[in-house]
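First the structure, in the form of C-alpha cells, and then the observations on it.
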C-alpha cells in the first residue's frame, strides 16, 4: 500500500442497476463465518469494523455453515440492533443440503417452489433477527424452476415487505434474462477470479453489461488458491499479479480486486475473510486502477496466451 | 402399476402453447411402424386402441420407414376414415435420404426450400389420405435455411388449408427463436431422456419455457437403451429409476415418462412402440408425479454427480 | 472457367443491410499488401484493375503490415485521387501490437476506449489520404469494452463526417447484438471457410441472417491451406471441391467463394491476394451457384460426416 493516504480508507457505494439496490462496492461475505470461531462479541466487532470501512453489505445464504451462519450473525446483530439500518443484508435460497440440521433431506437437491422460497425467507429473517432482506438470490439454476412461479413468489415477498430486491446466483446469461423478463433482477452472483475467467467469455458479463446490471463476484481470490496454487496457471498468474502489484505499489489482493472491478459490467466482489485487514485490502482496490497494459498482463497469465 | 385404478386409463390433452395446437399429453410415434410388420387391419386396431386410450396424436415424417410409414398409416386410416377427425396428424420434412424410393438423391442432405417443403407436404397428404396436417415440423436445422422463405412457405400452406400449425425439430434455442419471430411455432421436437439430458442445460428447455411453448420429446426411453445399456451410466440410471419405481409402485417406463413430463416446460413425449400395453405405460405417467428427492435421484444418476 | 462468357466479368454490389452500406459482392483484402512488394505505380494499377472488375471495396486495418498497409494504399491512391469516390474504404481498430512502429506498447492488447478509437481513425484517415472511412470495425471483442462508450464514439465519428458506417469483427452473435442495440451495425467480419465452419453452427450466421445483416468473411480460402493442407480434413475437402469444380467447369477457388456466398446470410468474402487473376476467380463465383447436393458434398467433407 502506498505510504501516504490522503483520506481514511472508505468504501464507496454502488448501484447494482439503475433505480435499483445500493450495495457497498465491496461486500463482506459471511460464508465461512462459522470457521472463524468468533465469540458473539467478536462477531459484532467485525460487523462494526466493516461498517466503519464503508463495507455495509453482508452476504449470506440459508445453507452457509451447516445452516448456521445467519443465526451467528443475527446473534451478534441483536447486541446492537441499531446497526441494522446502516447495512444491507443479502441471503439466498434454493439448495437443500443433506445435513443434520435438515433431517428430512435425503439427497442434495434444489427447490425453487413457492413454498420453499417463502419458508426459507421466513427462516432467514428469524435467524438474522430482521424484518426484511435487502436482497434475496436464487442460489443455483434449478432444472425444475418455473420462471413464472419464482417471479410470482418474489412479487409476493416484496408486497409483504419481507424482501426489497431480488436476484440470482450462478445463472447463465440466458437463464438470467428469462427470469428478468418477469421480475426486475438486481444482480447475478457468479464465481470469477484470475483463475476462473469464464464469465468474461460465456456471455455472463456481456449480458449483464447490456442490461446495466452489476454482477456480484464470489471467490474473487479463487478461494485462496491465488496465493497457494502451484500448477503452471497458478504460478503464472501469481507472478503477473506480483509484477503489477510492485509497479503500482499496492497489495497483491488489492490488485486482484481492482482487476475485477475494472470490468465494464462493474462487478461487486465479495470478501471471504474474517480479518478486517484483509477486507481493508479489498476496499483499498477502489482507490486505484490498472493501466490497460497491466490489466492484459494478468489476463494473459490467466489464459496462458496472448490475445489474438 | 398400482393395482386399484379409480378410473379407466385415459390420456389428457395438452396445449403446445397458449391459443395453439392441442395434442394428447402422450403422442404415438410412428417412426418404426414398418418394423412392426402389422397387417393393415392390425394397424387400424392399433390406431383405434390409441384413440381409446386418449392418445390422439400421431407423429410421422416423410422419411420414416424408407419413405413408407405415412402410406402404411394412410392405408389403415382409409379403412375407417371417420377416425381422422378424432386425431392430430404430425409430419416432418426437410431431410433428403439416399434411398431406393428417391433415386434422384445422390447424397444425404437437407432441403428447406419453398418448393421442397410444399412438395413434401403434398406427398404426406397423399400418403396419409388426408386433406391437412395438424402440425408440420422442419426435421433438422439446415445451414442453408432462409428463415423468411420458410415462414412464407408456412404461411402459404396455412392459407391453403393444408397445414394448421408449424414447428421445428432438433433446433437450438436460438434457431427456434429466429423462425418463431417470423411465424408462431407450436413446438420444437428434440431428443431427451435420462441418457441424453442436454436440452435441460443448453437453453433448449429454458428458452421454450420462456416462450410458453412445450417441447415434444423423441426417444424418451433412449431408444430402449434405458433397459439394455450396461455401461456405467446405463447401470446407474437404471438402478435409480428402479428405486423410484419401487417407491412409487409404478412401472419403470412410466417413471421415466413422469420424470420428463414434470419439467416446467411441460414436455410432450413420444412413444416408439407398436405394443399398446407399452403405450399405456406412458399414459399411466400422467397420473402421478415424483417427489423432488426422487426427481433429483434420477438426475444425479444421469449426470454422475450431485448438483452443486 | 467455362470458355464462353456472355459478358465481361463484373462484380455486382451488395447491401450489408437494409438501408445500409453498399459494398462490392467481393471485397479486396489489403492485409498482405506489404508482402506483395509492389511499387506505388503497381499498387495503383492493382486498385484500378479491381475497380474495373467491379471490386470497389477495400479492406484495411490500422495494424496490417506492421501498421504500414494503409499508408502504402494511400500513397497509391494519392496518384489518382479521383478514384476515392468510386471505392469504399473499410478499416479497423482496437488491437495494439507490440511493434517498432508503436514503441509505447509493451504487451499485445486491446483498446476500445473512446480516445483510442478516435485517434486510430484519425491516423487511418491520414494514412489513406481520405477525409472519411466508409466502414469502421472494432477488430476483436475486448473484455474491457463498454458498449455505451463504443456506441457514443461511433455516433460522434459519424456526426463529424469521419466514418459513415460501423461494424465489428470476430464478435460472437451475442456481442454483436449488444452493440447493435446501441448503434446500427453493418456487418460482423469473421473467419469462415470449408476448413473453419464454426460460424455456421455457433449462432453467428443465424444471428446475422435474423437481423438481415451480411457477414464479411476473412480467410475464405483458409489462408491458402485449402490448396496445401495435407491432413485428413484438408485432403477430403480438397477432393470434394475438385469434384464440384469439375462438375461445374469452374475454377477451384471460384467454387469455394460460391459455396460461401450461397449461405442465406449472404456473406461478403474478402480476397487476400495481390494477383488480379485470383481476384477475378472470386468475382467469377458471383456468376453461378452449386446444387444442394454439391453444396452438401463440400459440407460433408468439411465436417467429416454426413448430416444427421
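The chains carry the letters A, B and C, assigned in the order they are written, with residues numbered from 1 in each.
Heads up, the rule we're going with is that a residue touches a chain if its C-beta (ideal position, glycine included) is under 8 Å from a C-beta of that chain, and two chains touch if they have at least 3 such contacts.
Here the structure is a predicted model, which means the values were calculated and not measured.
**Student:** What's the call on chain B versus chain C, same or different interface residues, using the half cut on shared numbers?
**Tutor:** different
**Student:** Could you work out the angle of the rotation that brings the CA atoms of chain A onto the matching CA atoms of chain C, rounded to the nearest 5 degrees?
**Tutor:** Rounded to the nearest 5 degrees, it is 120.
**Student:** Could you grab the centroid distance between chain B and chain C? Build each centroid from C-alpha atoms only and quote it in angstrom.
**Tutor:** About 43 Å, centre to centre.
**Student:** By residue number and range, which residues of chain A touch two or more other chains?
**Tutor:** Within chain A, no residue touches at least two other chains.
**Student:** Quick one: which bits of chain C touch chain B in the complex? Just the residue numbers, please.
**Tutor:** Residues 173, 200-201, 203, 205-207, 209-210, 262-264, 292-293, 295-297, 299-300, 306-308.
**Student:** So in the complex, the part of chain B that touches chain C is made up of which residues?
**Tutor:** 95-96, 105-111, 113, 140, 143-147, 149, 170, 172, 174-175, 178, 181
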